[in-house]
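Chain naming follows the written order as A, B, C and D, and within any one chain the residues start at number 1.
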Amino acid sequence: MLSFESDYTTGAHKNILNRMQEINLEQQKGYGGDKICESAKEKIRKACECEDAQIQFLVGGTQANAIVTASMLKRYEGVVAARTGHVSVHEAGAIEYTGHKVLEICGHDGKIDAGELSEFLKTFWDDGNHEHMVFPGMVYISHPTEYGTLYSLKELGDISGVCKEYDIPLYLDGARLGYGLASMSADVTLPDIARYCDAFYIGGTKVGALFGEAVVFTKKNMPKYFMTMVKQQGGLLAKGWLLGLQFDTLFTDGLYYEISKNAIDMAELIKNGFQKKGYRFFIDSPTNQQFIIMENERIEQLKSKAAFSFWEKYDESHTVVRFATSWATRREDAEELCRII
Amino acid sequence: MLSFESDYTTGAHKNILNRMQEINLEQQKGYGGDKICESAKEKIRKACECEDAQIQFLVGGTQANAIVTASMLKRYEGVVAARTGHVSVHEAGAIEYTGHKVLEICGHDGKIDAGELSEFLKTFWDDGNHEHMVFPGMVYISHPTEYGTLYSLKELGDISGVCKEYDIPLYLDGARLGYGLASMSADVTLPDIARYCDAFYIGGTKVGALFGEAVVFTKKNMPKYFMTMVKQQGGLLAKGWLLGLQFDTLFTDGLYYEISKNAIDMAELIKNGFQKKGYRFFIDSPTNQQFIIMENERIEQLKSKAAFSFWEKYDESHTVVRFATSWATRREDAEELCRII
Amino acid sequence: MLSFESDYTTGAHKNILNRMQEINLEQQKGYGGDKICESAKEKIRKACECEDAQIQFLVGGTQANAIVTASMLKRYEGVVAARTGHVSVHEAGAIEYTGHKVLEICGHDGKIDAGELSEFLKTFWDDGNHEHMVFPGMVYISHPTEYGTLYSLKELGDISGVCKEYDIPLYLDGARLGYGLASMSADVTLPDIARYCDAFYIGGTKVGALFGEAVVFTKKNMPKYFMTMVKQQGGLLAKGWLLGLQFDTLFTDGLYYEISKNAIDMAELIKNGFQKKGYRFFIDSPTNQQFIIMENERIEQLKSKAAFSFWEKYDESHTVVRFATSWATRREDAEELCRII
Amino acid sequence: MLSFESDYTTGAHKNILNRMQEINLEQQKGYGGDKICESAKEKIRKACECEDAQIQFLVGGTQANAIVTASMLKRYEGVVAARTGHVSVHEAGAIEYTGHKVLEICGHDGKIDAGELSEFLKTFWDDGNHEHMVFPGMVYISHPTEYGTLYSLKELGDISGVCKEYDIPLYLDGARLGYGLASMSADVTLPDIARYCDAFYIGGTKVGALFGEAVVFTKKNMPKYFMTMVKQQGGLLAKGWLLGLQFDTLFTDGLYYEISKNAIDMAELIKNGFQKKGYRFFIDSPTNQQFIIMENERIEQLKSKAAFSFWEKYDESHTVVRFATSWATRREDAEELCRII
């Protein structure tokens, strides 16, 4: 069975497992106070061209989103996000569980628009009644988005500008950041993100790690006693060096970019395959997730040979399905997919 | 200065104050365990034609919404509401503060549509991914809505039907319920509401009381230890009889309906006045709130003579403004308003 | 039936009700933005000899405690209180519901000890592990305490000094503050409290008002957007002037002190009565609550003639019972009680 | 440097890492829906002699405690625990963050007493005022406790009996469960725990795994939609099979017991060493944590050669320190420690 179901169906890059073996019985300090974490942080700071960056490794994406949001927001604030954002739809209410509203605005192929954001914030502040409303206290974007799309540098800069104008932080969910950086359409670099965003995370779980996300605060703005809040939300890993080790490995000799490139190459390969066979695309995605509008009958035939995700109903006879590649996707599997579709 | 700013700018019906004077130094049991509360509850049960109704008096509307929602929902559930609903927009995140998401769907003049609700619920349950989403655990409607509109009996019945189909409770916010019941367009009675809704509240604050809302559970479904949860959310009034006394008075000899009728009569009077002068209405409201699209210049002139509310920007030169009548609005003031507009 | 069950079994001082009648149909601004609230605040500032005091009126005590605590604490902080404190025991977890721990330390007749507090704070900060613990972020005391006892000026000053040393605010729950100020043992004045505490509330519900507590921030430290947080926790009264009016009345011509004095006089009267009859006291209370160790048999006989509260089991044959007087207790009733005990 | 600082300073048993290598590139289902998790659950069911056991793997102990507690408790309930319990003191308020109070009772060497628990529950229910209090909704114990002590079978049975009498679940925190089962004083087996407790977790992080705890519900009582609540609290691991693999390995051929035994053997070895040298013990611990009362001067000398934990101040010249062994402690290190103390 070919597997294009998601980008988290295999383990980790071999360098990571090998290194885990090597240091397995070495004594380490707990809770991320070890030297491997320090080394990983330093490498990330360099990759971000952000000397001041403060970094905390966390285990997963929902956890990262919930912890960052609940730690940066004031009690009376919510986080602005696209209606299709991961925090809006697919985190089982993890943000609201911490007492904060997700202030949903329109998304366009998964992205928010700087002009609409500005209008939303202006309306809030102009409303005489705003003391009875949830204050917009942070802006959430994902890059790539849930639909695989990317912000251009200008779009990111504009959103950042609006956030600065209204003095609220911009937070970027980089669950699949590697694939965004490695995309052939990539207009935004890691240093750009570090410059424009107040906080973001570099996704490991979906990009070569067993698990783990590196939360980066770029403006010396890590909330005070952040570690205690991480613990309070159940996100503090006792053996924190396991996270450090993974990011240290991924940020050695450009491994993070290199393996991300494989996912993009394989995505381009199957994209071409679908195009040649005349399939319609639901969205034009330049990253590792490809969304196809497929006849329901065709889906039935295909699903015995390949695993992929059902996204949403399109019309009576068609469904949107997703094919995801990853750092681990093999060329032979991508080619085989092209043959059988 | 004429006052049409809102329906909570004056005290209470005189019968209420007089009775407060009369019993002022009588000894009462605390926390609503007194006989006046019992009497008020019995009168409400009769007015609702719902013998089993369980009733808890609370102080205000946001409190009622937050307490009912947080007590009826399971931890993983949210409340479905129109995007313009009071719980969605104007309660400072009181629902989210209790850990629950407001699942916003489209509103139409403040109302939700049974068909769209059904579609929303169907999509949720059909989504293979729904275990990663917030479960719809209750439906919130307001009647009259935030725009003064009313559900027809058929509309209410249809929504109730959808809720039953998906086995989730229907909750109605009746902050201005009296004005909905007294409207000339009223198609829905208090017994209808008790029959179709699983919980609702009868608004006192805006309809003749100093403060107070009567939360009614209609299906023997008051959550167990509800009083403890009321206390936990800071809503338990020590001198609970003050709430009982007000509702006991309002539900004696049809006073609640009688004084609500005054608001409707005065609203119709000014509605006619605006129509005669050729004003455009933002919405056709059959209750005590009238929304007018007014030229910004005209607003400037008028606001020195009458108080009213700015609702939202309409276009560059016009604004939507709201004129609200109440149980206490004097005919002479309504007539004077008609003259000066 | 004589009533000594609690201090919230009757309505309000007649001046309050009379004034409510007088202004009943006057138009007021909502949510406490009215002139009566302004006047009341000014009078309280004068009574506190604290020109900068920022004041918010709330409806009840649990609400006040939960709102102040949750607004002043940071996310990772808890409130230090005596194990017998109202927030620790009798508020149905209202503090924890907002996500904060009550850090319980020993109480002595309801009071905390400055030395023990200092030790607790020192131990916390000395503990290398404290980042895994709840930070002490505020100190809660009640005055009078739940046992009717009072802090001396020195005790209050010492606690305040410890709080300053550790830079955490001191908050005083004054549900029965009037009775503490009017006590014959009173060593602490309202200006003392304003000077030593960072926040406190002046209780109205139990001291002459229908309902209402005046929260006072004494160091220009009212949390930003406090009103929004009050709304978020369901504590914002639409007709806020009802609270202002009550405190404006209570702080006119020393009424608050005068009526508090009655409760003290009556408490002393029954205290003497119990002493003369040879009853044992559970605690030596100088305020309006008197705790008696009574034989179970005697309780059975007495409770058909007088209402009082069961406090706790003392031993197999005795129970601690509480007799509470109030601003409204009549001398004839207190004298009658003395006769029948 | 000898390391006796804690039991989570090294990686995992080699079988775990080897197996991770082996299956690294196999495709797995996400979120724990894979076959390895199924196999691990089956092995745990057998080890517990509890066919009906429902199991969820989680990443860490604080997370497990917070998720289980917040999912099993009703909104108005709290969890009863020893004042020294991990949830009471060392989880940064993770329980309170979910809105629930930890109802602290006295601990005796880390354990609670069935009689005192019964008295606490009786007093709660007898208190006429209990509707204003936090309901005891679960009992939390740890085994081994934070002080290394163990419950006897009778003690556990008695506590379980009290819980049954009051119809509240008993939950056991088994962060170091292996060491409790392998202790020479062990009176309680895994099937005993499954029989007496309603829920518990088998600790992996401190007992041979990289990370991971296996939460076991023993009475078909896993809360409905538990997975959604795990997600909501940020505890759902995308690559859930990593947890399954670790527990599958630990519960193959008795590995969990075998490696736990090493910690016990090494603890006994150093215990004897300290005894021979005449050190005083703070507590008589039969498990892998040994608490010594040490002269401050001696501590200074020793800490350049061995890592250990400062527990608490004992008196002016002595401190309680902890030496912890683990599954990975080498005999040569334990012997060397005995020499240098």
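Throughout what follows, a contact is a pair of C-beta atoms (placed from the backbone, for glycine too) under 8 Å apart; a residue touches a chain by one contact, two chains touch by 3 or more.
Keep in mind that what you see is a predicted model, and the values were worked out from it rather than measured.
Relative to chain B, the most remote chain by averaged C-alpha coordinates is D.
For chain pairs A-C and B-C, the one joined by more C-beta pairs in contact is B-C. We define each chain's centre as the mean of its Cα atoms; on that basis chain C and chain D are separated by 41 Å. In whole angstrom, the spacing between the mean C-alpha positions of chain B and chain D is 50.
As a whole-number value, the distance joining the C-alpha centres of chain A and chain C reads 50 Å. One inter-chain figure worth recording: chain B and chain C are separated by 33 Å, centre to centre, where each centre is the mean of the chain's CA atoms. Shared contact sites, meaning residues of chain C that touch two or more other chains, fall at 76, 91-93, 97, 99, 131-133, 228-229, 231-232. By the touch rule above, chain A contacts chain C in their complex via residues 70-71, 74-76, 99, 131-133, 135, 225, 227-229, 231-232.
The touching residues of chain B, when paired with chain C in their complex, are 1, 3, 5-6, 8-12, 14, 17, 20-21, 23-30, 59-63, 66-67, 91-94, 97, 205-206, 210-211, 228-229, 231-239, 242, 307, 328. Contacts from chain D toward chain C in the complex involve residues 76, 78, 89-93, 96-102, 104, 123, 126, 128-129, 131-134, 310, 313.
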